[in-house]
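One structure, pasted below without further comment.
Labels run A, B, C and D following the written order; every chain starts at residue 1.
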Amino acid sequence: MSLSRQGSNAQYTRVDAQHHDDDDDEYENEARTEGTVDELVESDDPEHPANLIPELCRGFYTLGWVTGTGGGISIKKGNLVYLAPSGVQKERILPSHIFVLPYPQPSVVKAHTERTFLRKPKQEGLKESACTPLFWNAFDLRSAAACIHTHSQHAVMATLLWKGETFEISHQEMIKGIRLGGTGKTLSYLDTLVVPIIENTPHEEDLTDSMNEMMKKYPDAAGILVRRHGLYVWGPTWQGTKTQAECLDYLFEIGVKMKLMGLSVCPAKEGGL
Amino acid sequence: MSLSRQGSNAQYTRVDAQHHDDDDDEYENEARTEGTVDELVESDDPEHPANLIPELCRGFYTLGWVTGTGGGISIKKGNLVYLAPSGVQKERILPSHIFVLPYPQPSVVKAHTERTFLRKPKQEGLKESACTPLFWNAFDLRSAAACIHTHSQHAVMATLLWKGETFEISHQEMIKGIRLGGTGKTLSYLDTLVVPIIENTPHEEDLTDSMNEMMKKYPDAAGILVRRHGLYVWGPTWQGTKTQAECLDYLFEIGVKMKLMGLSVCPAKEGGL
Amino acid sequence: MSLSRQGSNAQYTRVDAQHHDDDDDEYENEARTEGTVDELVESDDPEHPANLIPELCRGFYTLGWVTGTGGGISIKKGNLVYLAPSGVQKERILPSHIFVLPYPQPSVVKAHTERTFLRKPKQEGLKESACTPLFWNAFDLRSAAACIHTHSQHAVMATLLWKGETFEISHQEMIKGIRLGGTGKTLSYLDTLVVPIIENTPHEEDLTDSMNEMMKKYPDAAGILVRRHGLYVWGPTWQGTKTQAECLDYLFEIGVKMKLMGLSVCPAKEGGL
Amino acid sequence: MSLSRQGSNAQYTRVDAQHHDDDDDEYENEARTEGTVDELVESDDPEHPANLIPELCRGFYTLGWVTGTGGGISIKKGNLVYLAPSGVQKERILPSHIFVLPYPQPSVVKAHTERTFLRKPKQEGLKESACTPLFWNAFDLRSAAACIHTHSQHAVMATLLWKGETFEISHQEMIKGIRLGGTGKTLSYLDTLVVPIIENTPHEEDLTDSMNEMMKKYPDAAGILVRRHGLYVWGPTWQGTKTQAECLDYLFEIGVKMKLMGLSVCPAKEGGL
């Protein structure tokens, strides 16, 4: 099965319907009539992306990652990409708020362009997350299965205290939770973790090119920090993405604390082990 | 029972009754007899203000915003204003504890005066929140739909470290979550956020005038800090109010952390970007 | 109805049974046979002390007040005092773990003496909280309705940074949440809060006398700090006790933060407002 | 399926089956056929290790102890040891993910060797926790009933600020929650707490020998810190292990805060009480 952006809604509907009970037929027809494919976000499986995104966002809210409607997570499953609306309370998203886009589609990564959707929420005024083209970078350049964006204060503080192009830390057990390039094999305790930092822009979508360039310049980077803004991190699965988000956030937090206490954060480069 | 100047109690009751099942009639009559309109706070809709206020307050408690019975939220829907009692545990409020006032009514903004209510809780000893005239400032001067008051330590620490008339911060992504004047369009990343600070008074209601004056002096202000006390913040909807409360609190918190680390919090004015 | 420590179990059982359904009779007889009065801790009312103590302790655990089995709350209702066992995980207490003691009884305040119980948990090895005589100080000297003991790090840090006999803070809104002597009228914003600090002892019960003396020396004190240990705080009701515990903890926390930032914590005495 | 040297699989099955209803027989036979003994992890008892481990891990996640799949808990009950898989989200473990090993078995403590299992999860790719031989140290050397491993930042910061072979703290009430050697009698307030620190290694299993040696060198030690990594702590029961983990974590946290404020953490040695 191959889904492309050229495919009709019917194609997608057919494929997806294989996972649905027959008694959904009536609703499915109605959905088709309206030009949306609501069953793409309706499932009893708690690990269905449309159920996972709301649940994970509630957890991220508790961690302070998506406060004030910022941040979120996009999950790619097969050739479908699931993401949340822009500017909504992330801890209150429902499956019915989820957008579904076909993958691949090159238009996504051009900022401020029209994208192709398989499913849009019916609620008026909802727009896809402004992070969409940044999530797409992770899908395109790293074949990621998910991408998390946080506004974590630990990430932001790290970008303020590391004034150069990278955040660097070594000799921390949590480094072992990070994957090479985000989707490759995990780092060793002896590896130095390097997370590139790009400068913030007034419009989120305008980060697309600099993130793309930095991902190419640092092919081993597991995530990209945005100065005075937050983090983008991806992985081979949604679980692997969440794990790396937690490990990176932990490392930013402890790195900041170490700076406060006057400790050497990257003994591999600075000495002081 | 006293009525608002704009309309009879019957008007309010009639409007609200449209949202109620017929089988509520018996109770409604009883309520009317007692001089309260209990159905104003009885609804199965989780987004009804009488249900939202308790739920949101539980969340605010977790954030440390309304500890020790401090703080809270008032929601205005149409010409009804919903608010919680004074001096009660905000994480344990029930819909039956909610006061409902008709809007507008000028008496509210005079401190220590009698106000007009459409519904008061039956529980003895409950008094409307001492923040009532301060919430009213937001409704009157900014046409806000909700107003949140927090005792967040981040807000208080900000008022202690910014000793002048304003808290100022620039070059933070979260600034984009703040609205001009609290209810207008959102700020740009390039805007400097300015939050006026008023001096605390022994009685909460005595803040009414200085808050009012500061809101007029700073028409773009999205909230008012009270030195050694906390924050008042409002918005075009309850969601927008909560979003701005979260963004402001985040900015106070990171501003304080930046001061601790010796970083420039407002590079737009101080340089040091 | 008057319950004294001289009364027989049967007396207590009779009184309490008025709140029980008749179908409890069988169990009641069994309980009486075993010398315990289990129905004293069995109630459907969520505000019954035997239900409140477990629920409140779960909340205190989340706040970091009763970690590692430390801390807890005792509630006095009429002439019955309810408290939790010593050395158990406070976030996992069940109503069936609660001890019930008659009040008054002078033996309680003597450390390491036998006390009179109306109900003891059946589970072997459970002993009443070592805080019992300290709770009793609050009941005896202040006619308190509840007493909370925390191991909050904010309280402990305050006792380390305030090296004298008292913790003092002024010009904080949260001071208004504190009651004179713990059970009297609330303080004004213009009042200076003074919390006496006693020195820790190897055995918790040996704090009884010094706490007692300090409560007499500082009749306005709303709580007693124990250096390198934590806080005892009481109030006119369980709600008022919890409110004051939250306000004091907030004030300890912000006082410590202010010290860290080099700010004057008690401008009323130190100047610097 | 390979069996432990002490007994046949049938032995273990027989013992465990006493706790199962007869209607489990069918499934049991099936399980045996597949070479796993699934009923070892199936119980309605919330305190069964296979139910406790997931529940406790969810709590540890909230405390920041097992973020990014790190850390966890192993419980020994009779001659069965229960533990979680390696590299999975600890807050999402299910009973069906639990491994069961027979105890004793000497092969466990050799790093990178084959171990004997009574039950392995069916899900492909799951491997027993890399902490297994470290947990075994606690079972072998201290006759512990449980062992917790955390990546708590408080523990890691303590290992960075205490640069020698031990973390030391005195004159803190929470010291009284710690047991001599982890399983003996509890310390006194007058005792100095000493927690040995071993150096981290690239592979977790390679910590086995140095942990073992340090436990022998410090027979009174209730836990072992791993520099730049975290903590291992054990106890006489799972409750006692959790209590000590909370007390140690509290002491690491407050020790770090005291360093930040320039206070003497171990007055017993440093003076300054």
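We take it that a contact is a pair of C-beta atoms (placed from the backbone, for glycine too) under 8 Å apart; a residue touches a chain by one contact, two chains touch by 3 or more.
Note that this is a predicted model, so its numbers are computed, not measured.
Counted as hops between touching chains, the shortest connection from subunit B to subunit D is 2. Judged by shared residue numbers over all numbers used at their interface, subunit B and subunit C contact each other through mostly different positions, with under half in common. With centres taken as mean Cα positions, subunit D sits 33 Å from subunit C. Between the Cα centres of subunit A and subunit C there is a gap of 47 Å. Counting partner chains per residue, subunit B has residues 260 touching two or more of them.
Those chain pairs judged to touch are A-B, A-D, B-C, C-D. On the subunit D side of its complex with subunit C, the touching residues are 171-174, 177, 188-190, 239, 242-244, 246-247, 249-250, 253-254, 257-258, 260-261, 263.
On the subunit A side of its complex with subunit B, the touching residues are 67-70, 88-89, 151, 153, 156-157, 160-161, 200-202, 226, 228-230, 256, 259-260.
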